[in-house]
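What follows is a pair of complexes built around chain A, which joins chain B in one and chain C in the other.
So, the complex of A and B:
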């Protein structure tokens, strides 16, 4: 009887195995993206681009948030008056031409005629005005429009803006930046969605229209057949745009290893935000193209200028002298391809990149650092170093810097937190002495938001404010470049922050994905003109 | 029995109330501002943040927020998710089928493999089968499920191309797409559960098989199958059912690691990410749900004891 029981149990295992094998046999004949029953895979003649993103979207209201990866999914849907060019300078998108008065107080924009929204309505000046008014109110960057006194439609296709203070070319960059972008939507949607984060409808003028978003699963776009493209040559966000896919599906895949596996298996055509440790392996796979993205991100150490040890310039200079940027960079990234030594506060890709005051950069001078500590009368008080757990690069940089500071005699308390706690702690001058953040500033004026006394760290000085004022009014690049150098020198001398590394982003695509304009290697995903040659 | 049931169900109310209250205040004690998470920018002006807090009702005193939330929750309205801008009940309802599918399938696999293997290794004590079962159990318990998940993806998805690497398809889209997307997560998840159930079944059976009534049954000339199934396994079942209940309750809470590895939009991922984003309404409702599941499964397990062993009576 015991044998009989054994046979029953064996039969159970055998049946399980058989079921599993049958399923595998069935499934192996269903490779690729052609599974039956799925609404995500259409007719076989449809061309669908599958993109794997790393996290879900907090909201689909691009105007109201700079949270990523929203720009990746909304760039094909929305357009602004201006976009960014290949060189990251503002170029017209919905605008046809514009002019500015001599005193730089009055700006006039003529928009393109015949542009259609996804709901079929034609774009007019009233749509632009409502959209910009909404953006000014709900966008975290809306404060940059503080000096806008009046905005009105001169006719159906002309918008005029009057400012209290002169404003230079920086205005165009404000309108072009793809973080919480000043996108244009129909007037009735902008007016009926007064609250940030709660857009009634996702309707833009871009080459793809929004179809569906299932939280933490996917976001789907489809080709907008009535898209009216510019005719000038493609130029990153602007120029001629071709929608080569019937549909684009952005999948939310939180694990980087799973995104890579999906790319290898040809489930995804493009995968974003990969660990640099995968770079060399992916380089060996013929069907996969790893992509290093520019511009480089500046990793910078912020010190508390309002309260505590670092209100003393000698303490700040001690830290500045102690940092070994190369060591920090090597700790942050596994491959040399992903970091660079550069003394500028503007990324290497910015036209403002300069080596002004570079003797303050990457000093790695222990004796000098100790000398500054003596001058400051440092008594061994522990430095509260807030460390963000969720960003591996920042986490590793913080650990490296902590060790470098200990080596010169600074006591460091590494306080490791999740994002929400980290943000709350760093906003309190009593609970923060230093932290690392990252970002890129392609234009000197963009620094003002962070280094005008409002951002944690609370750096502000009369000299830098004077430079920011001149920058806001200046339109000539050569003169702005000189001001940009001046700003960099002042930042170094006052130790507004410390440049601790530059690192690059990493995404990858299947070789069958063709990107003639090389858009995928720049900033956020720009999918127009990208195609698949199966 | 009915009186016992009623008492147990009534006891749910204070338990859920205590958990809800604790969670409400604990989430507020932890530093972090959902308004900031929603706006998502370090430069957001205090005015803008204050406006968002007002929109979310977070500007009111904490006790006012609590009373408002509790009175609505008692009517089944758990509020709106700060992050998703959707009713919490709807957000949880969207995730529940994923977690339920994963839990039921992994439990099924666990029972189908764990119990027979446990029984077999007990009746073949100290044989090769038993050694294999022990090895399998130690392996299953030792290997982290997310790591097993990655290995399965590498082997069955990337190398062999049999299953998709990630994602979820609703059962409404068909059985095959649904099961295809769940096989690897289910196997990853159930490996440790199988190991646990195998060990518990084995030790429980070994204990029972040494009892006098088993010798008596055999002495009476009963067939070995009848002795094992009717006399031994039935008595070992109390431990087995307890373990199954535990696995089921834990499964319904969601498995954040497996859900992350396989990009499954389940409840584990939802609740953990809500805690990270300070999405208070989701965390609160999620914890109430988890408490409810734990209490309900415990109740079902307790009731099943009286069915398994008639000596267990709840009337007295």
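So, the complex of A and C:
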């Protein structure tokens, strides 16, 4: 009797299990179908671009953060008064034309008429003013507006700025730079989001509108049908922009090997931040185009100028003499295509690139380093070297430099942290002696943000401040170039930081993705005018 | 008859156990490698040779070279030292601490309630999760790894020892000792502890294996022995990015981890069979009762 009951119960459970199993298969099968359908789109169906990014966004407030990969996802959504051109010089984006007074104190900008925000509102001077005021407050680069005395709307489409000190063409670069960009948003949103990192709504004027962000999963954009494009030829951030996709989905894929595999399986059309060890292999695959991106990123060793061992110039010089840039670069990058030796603090793509004071660069001189250590009276105290684990290139550069410093007799404590801890520790003068960071400065004035006493490392000197002041006023390129050289010489002489390598970025796309202006080979993703031919 | 032959020689008894023997055959070379690492390794495991990076297997570099041009064979050999040192230290520390707490907890009823609730609390958390937490709090250092893993593993030792104590303290010889006026400490030390040793040794062996595995896991996550020290987990973690292009970076340390953990587990199983025949009987019992 009991036996039969047992059998019945077993049968019921078994059939229930089977039912759920088939239900699951059915559902997943359906999902697979739609997924496949979207990949094999015809003319009538939605065209979706799948992009794989390497990490998620702590905030969607582009004005307030220099962190990547936010610019990649926000460039299609937002526009600024100016954008960067193919040669990384500022070109008008929302601005129609502008003029500046003789004394470089009064600037007038006329914005384009009839530009629509994603919420349907027309762009006016008031929106620009509110956005720029917000940017000045929340952006780490807002300090560059220190001498802005007044900003006001002359009429619906004209903005005037009055400065206390003359300001040159550099102003345009401030407005165009794509890290913590001075993007323009509707006045009511700018005014109601006073805090950096907390933007109430993502509304811009770009060719794509923001749809949805699922933390750690994806960010979705859709085509903005009422986009008003410029009519001049496409020029990186600016010029004519066409939105060729119905939707763009940025997938958050932290594991590099997963991004590569996804690209090879045609799950993603464009993938960012690939390990360069895969370059040669991807080059062999016909359906995949590997892309080496410019400008080159400067990897630089920052020393603590405020506290500890490296307040002594001889200690800094010892480190400067010890570095073998070529070895560091080889350790950082797997293929030769991805690094270059260059003594300048400006990337090879910058017009300011110069070999001024290059005898301080790539010395690899153990005897000289030991000599400086003796002069400094170094007693074997361990150097606190903060190492960021999340960025493989920086991590490997740190390990290599650690070994090079040990070779000249400097004791090194490699302290390896995740991004959040690393950022917190580097901001504390007691817990940091050195760390490696990376970036690119296309214009000498841009160095002021990091080397004006505020950024960790806290380098500041009267001589460089004087050069920065001159640079802010100077508009003539030839004279600026001379000042740029002067700045480079001072940085080297005072060992403000140490160049340890220049490396290039690496992304890849399916060859079905067409990029007529070759914009994908420049820093960030610029997805307008990109299309898919399947 | 059989029990007589087994009693014949203690060493013979160990060697007759196939599990134990296999485990020893696997583990002994590991220990020798770990001890004589500086002699065996052909080059400095930290020496960077950027020009010769990603060399495949050759006579000069039997396990190839890594992304810094460091000799992977030397790194794996030195990794044995680190991994076995960390594992062994953890096993030793957990044994010492576990025995003290376990004895106290099993013998004194009042302490028992407090200690065991605390131990239960520690055991609630999944090991690796708590390990990550502890490492984040303590900071990256080799001894901190040992410390974190000791905290994680001690509760298991405590439970084993306490269980044994609870059983032994009701036995007649303990009562007899008490009756003739032997002090509690002496009873614990002379009469109870020696009788707990068998299950303790078995558990500590498993703890050793567990520690090697967890250390590798933590290192892989970037929270274990701080690089550039070549612990096996570190080598695997660094090689992860190059798995397509230089698989040898992950294969060899991976094999070493598997082999050492397998060896230790086999030894543990073997020891259990040898030291505590009752457990073997229990293992065969369920089959008869189930039928």
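To be clear about the criterion, the second predicted complex is superposed on the first by the 490 of 534 C-alpha atoms of A that agree within 3 Å, B and C clash if a C-alpha of one lies under 4 Å from a C-alpha of the other, contacts with A are read in each partner's own complex, and residues count from 1 in each chain.
Just so we're on the same page, contacts are C-beta pairs under 8 Å (C-beta built on N, C-alpha and C of every residue); 3 or more make two chains touch, one makes a residue touch a chain.
Nothing here was measured: the structure is a model prediction, and the numbers come from that model.
Q: Thinking of the overlay built on chain A, is A:418 touched by chain B (first), by chain C (second), by both, or by neither?
A: both
Q: Return first, second, both or neither, reflecting whether A:64 touches chain B, chain C, both chains, or no partner chain.
A: first
Q: With both complexes overlaid on chain A, does A:275 touch chain B (first), chain C (second), both or neither?
A: A:275 sits against chain C, while chain B stays out of touch.
Q: Tell me the contact category for A:367 with respect to chain B and chain C: first, second, both or neither.
A: neither
Q: Between chain B (first) and chain C (second), which, if any, makes contact with A:217: first, second, both or neither?
A: Touch partner of A:217: chain B, not chain C.
Q: If we overlay the two complexes on their shared chain A, which of chain B and chain C does A:462 touch? Say first, second, both or neither.
A: After superposing on A, A:462 lies clear of both chain B and chain C.
Q: I'd like to know which partner A:264 touches here: chain B for first, chain C for second, both or neither.
A: A:264 sits against chain B, while chain C stays out of touch.
Q: State whether A:403 touches chain B only (first), chain C only (second), both chains, or neither.
A: second
Q: What residues on chain A does chain C touch that chain B touches too?
A: Shared contact residues on chain A (touching chain B in one complex, chain C in the other): 257, 418, 421.
Q: Quick check on the complex: what are the chain A residues that touch chain B?
A: Interface residues on chain A, with respect to chain B: 1-2, 4-6, 8-9, 12-13, 16, 20, 23-24, 26-28, 30-31, 35-39, 58-59, 64-67, 138, 140-143, 180, 195-198, 214-217, 251-255, 257-258, 261-262, 264-265, 267, 390, 418-421, 423-425, 437, 449-450, 454-456.
Q: For the complex, which residues does chain A have touching chain C?
A: That would be residues 256-257, 260, 275, 277-278, 281, 326-327, 330-331, 334, 389, 392, 396, 399-400, 402-403, 414-418, 421 of chain A.
Q: Contact residues on chain C for chain A in the complex?
A: Checking each residue of chain C against chain A gives 46-48, 50-51, 53-54, 67-69, 136, 139-140, 222, 226-228, 240-246.
Q: Of all residues in chain B, which touch chain A in the complex?
A: Residues in contact with chain A: 30-34, 36-45, 48, 52, 55, 83-86, 91, 94, 109, 112-113, 116-117, 119-120, 123-124, 150, 153-154, 156-158, 160-169, 173-174, 176-177, 179-180, 183, 223-229, 260-263, 265, 269-270, 273, 276-278.
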